[in-house]
Amino acid sequence: MNSTNKLVEEIRQRFEIIDVIHPDDQQVILDIDKMHLHTLLSHLKADGFRQLSLLSAVDWIKDNIFELVYIVFNWDTGVHVLARVKLPRDNPRFRTITPIYPGAQYYERDVHEFFGIEFEGNPMSYKPLFLELWDEMPPMRKDFDPEAYSREKFPERVYVPHFVPKVEVIE
Amino acid sequence: MTFDIVVILMFLGAFSAYLISKASLKAGAYATTVFSLGALAVLLMGRSEIGSEFSVLFMNFEVTVIGWYFSGVMVLVYAMTSFFNSFWMDKMMYPGSYNFLYLFSLAGTLGLFFASDLITLFIFWEVVVWSSTFIIPMGKSRRAAVVYYTISSIGSMATLYGIMLVYRISGTLVIQEAFVPLKEDPLTATVVFVIFVMAGLTKIGIFPFHIWLPLAHGSAPHTFSPVLSGGLVKMGAFIAYMSVAILPAYEAFEGSLKIMGIPLQLYFLMILGAISIVLGTLMAIKQEDAKKLIAYSSVANGGYILIGILMMDQLSFAGSMMHLFNHAIASAAAFLAIAVVAYRTGTTKISELGGMIHRMPLTYLTYLIAIISLAGIPPMGGFVSKWLIIQGLADRGLMFMALAAFFGSIGSFLYVFRPLAAVFLGQLKPEHEHLKSEPLMMKIPMVILMVLILYFGVLPKWLLGIIGEIQVAAGIEPVMMSGNTILAVNGVLNTLNVFMIFGFGFLISLIIFLLMQKSRRVGLMDTYTSAEFIYTPELYHYAGAFYAPFERLYQNHPSVEKFLGAIAWKFHELGTVVNALFFSHKPAVTVFWTSVILVMITLGGAGI
Amino acid sequence: MNLVNFAYGLLLLLAAFVFQTTLTGINRKVVARLQRRRGPKFYQQFIDIFKALSKGSTTHGWVFDFGVIMALGGIMATAIFIPFGPLKAVPGMDNIFIIAYVLAVGMLGMAMSASGSGNPWASIGVSRALTNMLAYDIPFMMVVFGLIFAFDSSSLSGLAAIQREGGLLGWNVLRFPLGGIVAMISLQGMLGKKPFDSFIAPAEIASGPMVEYGGRHLGMLFLLHEYSTFIEVSLIVHLFFGGGATVLEFMVKYAVIYTFLNLVSNVLPRFKIDQAVTFFYKVPLAMAVVQTFLIIFLGMGVA
Amino acid sequence: MTTNAKDVRKTWEKIADYFRAHSIWMKWYCTGCGAIEMPPTMTSRFDMERLGMGPMATPRQADVLLITGYLSAKTLRRVIYSYEQMQDPKYVVGFGSCTLNGGIYFDSYATMTRLDHYLPVDLYIAGCMPRPEAIMNSFDTLIKMIEKGEAKGWKHYQENHEWYRRNQLHSLKEVYVKDEFHE
């Protein structure tokens, strides 16, 4: 826990951290205000966290927020840092992190495509990535009904039962 | 007395072509066609007058069989290429001069082949060199002309020096008599031989004098490259023939060390020929420009011709003489096909082209037949000549020459196939979608050349008959034929039978093909793409670095060009030093150095 | 040359097809047994070929068709030149250089047709195949050159007859063992068997030149493959194993050599194309040059 | 099966069908997890080559399009493209319950639920996933079907092309798409 403790202490001194969780001795989860995320990531990158392992989103539909998740990794110490920020669910917008991690390009396109979150400053993120010719609401949003979509788009096989066994319910 | 008229007429024709060009460029271009075709007709009709002698002014000529044969090859290539001249008239800077020089160089070659004394030979040599030097920069590059002229002057100077040497020894300039006294003096004979052969090597483009070929052929006007490669290169073969046959080398070098029955001097030259084959092949494989590729193939084929001529025997020599003709028409045809493509698309870069077969099928066929002949595959002419050369080598057991010959002939599949696949086959680029087919005037020479290549591959009797006469004249056993069968020491070749069996196989194959279900025609982009949808034909075309894995094996090779470039650079630096020493801003320095040198010369002269 | 020659030629083609295709089928079974499988029926290869011929096909233009016809035609013509044991369709035409060069017609036809499909995989395959050819052919031709010099004959049946005069020890593979090894390695390359099969690699370049073929085109290519195998193995049998005084002797020798090469092929991995070139120029070419040198300058083994 | 004039095969077709039945070259469209069952089927334990079957590199050479596993909207486009590149006669085998009825992800926004809606499937192999025994058994069935001339999916596709095309367009909007790498 030493290495991460030191890291967290240092970050706490510099940034306003809402919450810190240690799920594992090499992993740290930081909840942070969205104003400070970019400075945090720049700091972490300068500190050796050269790899952006993942950028994804979580749809907290009851709280009416989107949570963006950034995972960065330090190859020297083997520490994962997961930074979370919260966005309002209606008209979700956030600034891009491609100037810090250029590899975020495709993650941002991915998140934009599946959640509809817009990344300002990254014009490429508006291009479709995986879903060809998608015309509905972004499919990973919780209010999207995949089953209805599937029924409408992809007709299901209708089974004609040849033989229905009689089931007697024994009290 | 038809031949003197031809030579004179060609010179007059050159001037009249220039005058006609002043009136109308197209008419001037057609005049080159008319004159060269006329020369061809006269040559063919005048076969009975072989052996006649004539003089014009102070120049003496004699029509020998070999001269007649060489001039026939040359005029044929010139005549066929001249059909293309009219299409480039508006693209040249000096079209009138081009027409003039075109015929002028032809006249020069004719005079060269008929010359019966050494001065005449030299005069016409210079005529050809100068006229072609002025044509080459009309294409892409001026540097090419400089390199061409430099290498040619090595040849010219060598010839001139050789002539003077011979004259000092024998006191005559008549070719047939001048070399006779040399037989008794092997050392002088070696010197004369090396000098004359060097002149030949510079023209035929043998290593290490090959560097001008790709440069000049690659950047000459598209209509002159076929002539350079098919025609003018053969002048070198003529000089090489002279130095071996007329000298005669085998008698003169009777006493020197022999390897497998070949005198050391000749063996050394053969090794140069072998190096040229390997080098030309390797370099041709990695060229990105179609014209340069064929130019390097000329280097390789020059190696074959040289080896064959040096052998001076029944088979290889005949093969070499025949290869000279086959290579002339095949490489002219290949260059012409590329010229058609360049005329329609404006480029000869392999990677910028593709799918030309869908726009100009006849050009494709011409190129195909030409390269089959160049690669020496039956039933085309090139096969017969390469077969003869290799049979001769096998008879003598010259294994290293044979190694080079095998490498060259299999390597030629690689390089000739590359433009075929990347320029003519493959995906058609969108910008070439609306290209027109080749014009009629371009079709005529291509069809004639195709027919000739095929004809002499199937029925080489007539050609080998003439070659037999050449061999008799050179004092060696002529190549034997019975019917259509060529009789070699180690085996026989009946070209007609090969052709017929090939036709039979083709027929069976065609029947199998036609018996089965008809095919469905699909577009070029409807191919297996790992199920991916692709809409960019230009990216879906494999053309650049065709043999990348193979090229990688010899990419860091030593190069004569680099070596010569380094020498040139050192020379340049020396010039700068001299310039700085002599021509500084103080006149006193110049005066000082001049007087120092004058004193040294005077003292040195006194010392002697 | 008259009609009888052509009739013989046709018969020879049929015999070669039946023989080689059966042998291929048997070899598929042998390989299967090597891998502890049951393997297909011995006539499976026939079924495959006829099935391919019976199917519909697509074409990418006239050169795509023409190339296939030219390839099969050229290879069939070459097969006619090959003596089937003592049987010859056309006498006096079994010159080794003629065969080596007529064989190239077929190669060129196939390469042309493959590139004519417009598929880059095909062009890559062709470029690899040609590079491969430059690698294996030169050592082979060098050895053949030595043989021709030694026996003053470039006729296949002539060379075979000379060997048979000396009995078993007269076989060139025993007289010139270095050359024999070179020829066997080169044959492996000619047949496109492992480790020299990178030009038809199915997983990397989607079977290379064959990528666009289906239906009758593919069937004809299978025929072509059978014939070229016949030609190439026959060359070795005639040049190094004394040919055949009878048809049966020829067939037995042929089958043994072919099966041996197949077994070797099945325990080897694959060379990259530049590795193949380097290998051929380092080992077999050196051996071939040494062998030819021994023949020409020392007369070793010539008797 | 009713026999009408169209179904009567000519003699040469019967012979051809014999060849086609005993030489089955497959293009495996390995879209999903089912592909893992193919290596044991091919190698010495079950040895599919003894039935004359084998994998082929490209759809041009293949007779059977074997779809092993889930098809998403994106892969279905490629499968249809591959199918159309194959040469007649061609057969489609749907492998696993995912091609049959959508399997466990029947309600996903991305996966197809029914392959025969888009392509003429000659044979389904049920199971999630079917074991090699099931595969061998089904190929045995396929061989018998081809030999009898019952596997006529490719003809059905030709005759009812409009119906298939309508279904494809309904689910996919466009079959031939331009994706970003070719803009």
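Each chain gets a letter, A, B, C and D, in the order it is written, and its residues are counted from 1.
Keep in mind that, in the parts below, a residue touches a chain if its C-beta (ideal position, glycine included) is under 8 Å from a C-beta of that chain, and two chains touch if they have at least 3 such contacts.
Owing to the predicted nature of the structure, the values given are computational and were not obtained by experimental measurement.
Most remote chain with respect to subunit A, judged by CA-atom centres, is B. C-beta contact counts were set side by side for B-C and C-D; B-C has more. Chain C has its Cα centroid nearest to the centroid of all protein Cα atoms in the structure.
Computed centre separation for the pair subunit A/subunit D is 38 angstrom, with centres defined by C-alpha atoms.
Measuring from the averaged C-alpha position of subunit A to that of subunit B gives a distance of 69 Å.
Multi-chain contact residues, meaning those touching two or more other chains, occur in subunit D at positions 58, 60, 77, 85, 177, 179. Along subunit B, residues 526, 528 each make contact with two or more other chains. Shared interface positions of subunit C, defined as residues touching 2 or more other chains, are 54-58, 206, 211-212, 215. Chain pairs that touch one another, listed by label: A-D, B-C, B-D, C-D. Residue ranges on subunit B touching subunit C, taken from their complex, read 260, 355, 357-358, 361, 364, 368, 372, 375-378, 383, 386-387, 390-391, 393-395, 397, 399, 402-403, 406-407, 410-411, 413-414, 417, 420-422, 425-427, 485, 489-494, 496-498, 500-502, 504-510, 512-513, 516-517, 519-528, 530, 537, 540-542, 546-547, 549-550, 552-553. Residues of subunit D that touch subunit B in their complex: 29, 58-60, 77-79, 81-82, 85, 176-179, 182.
For subunit D in complex with subunit A, the residues that touch the partner chain are 73-74, 77, 100-102, 106-114, 117, 167, 170-174, 177, 179-180. Within the complex, the subunit A residues that touch subunit D are 127-133, 135-136, 139, 144, 146-147, 149-150, 153-157.
Of all residues in subunit C, only 1, 6, 9-10, 13, 53-63, 65, 68-70, 72-81, 90, 92-93, 95-98, 101-102, 104-105, 107-108, 111-112, 115-121, 123-124, 126-128, 130-131, 133-134, 137-138, 141-142, 145-146, 148-149, 152-155, 206, 211-212, 215-217, 219-220, 223, 272-274, 277-278, 289, 292-293, 296 touch subunit B in the complex they form.
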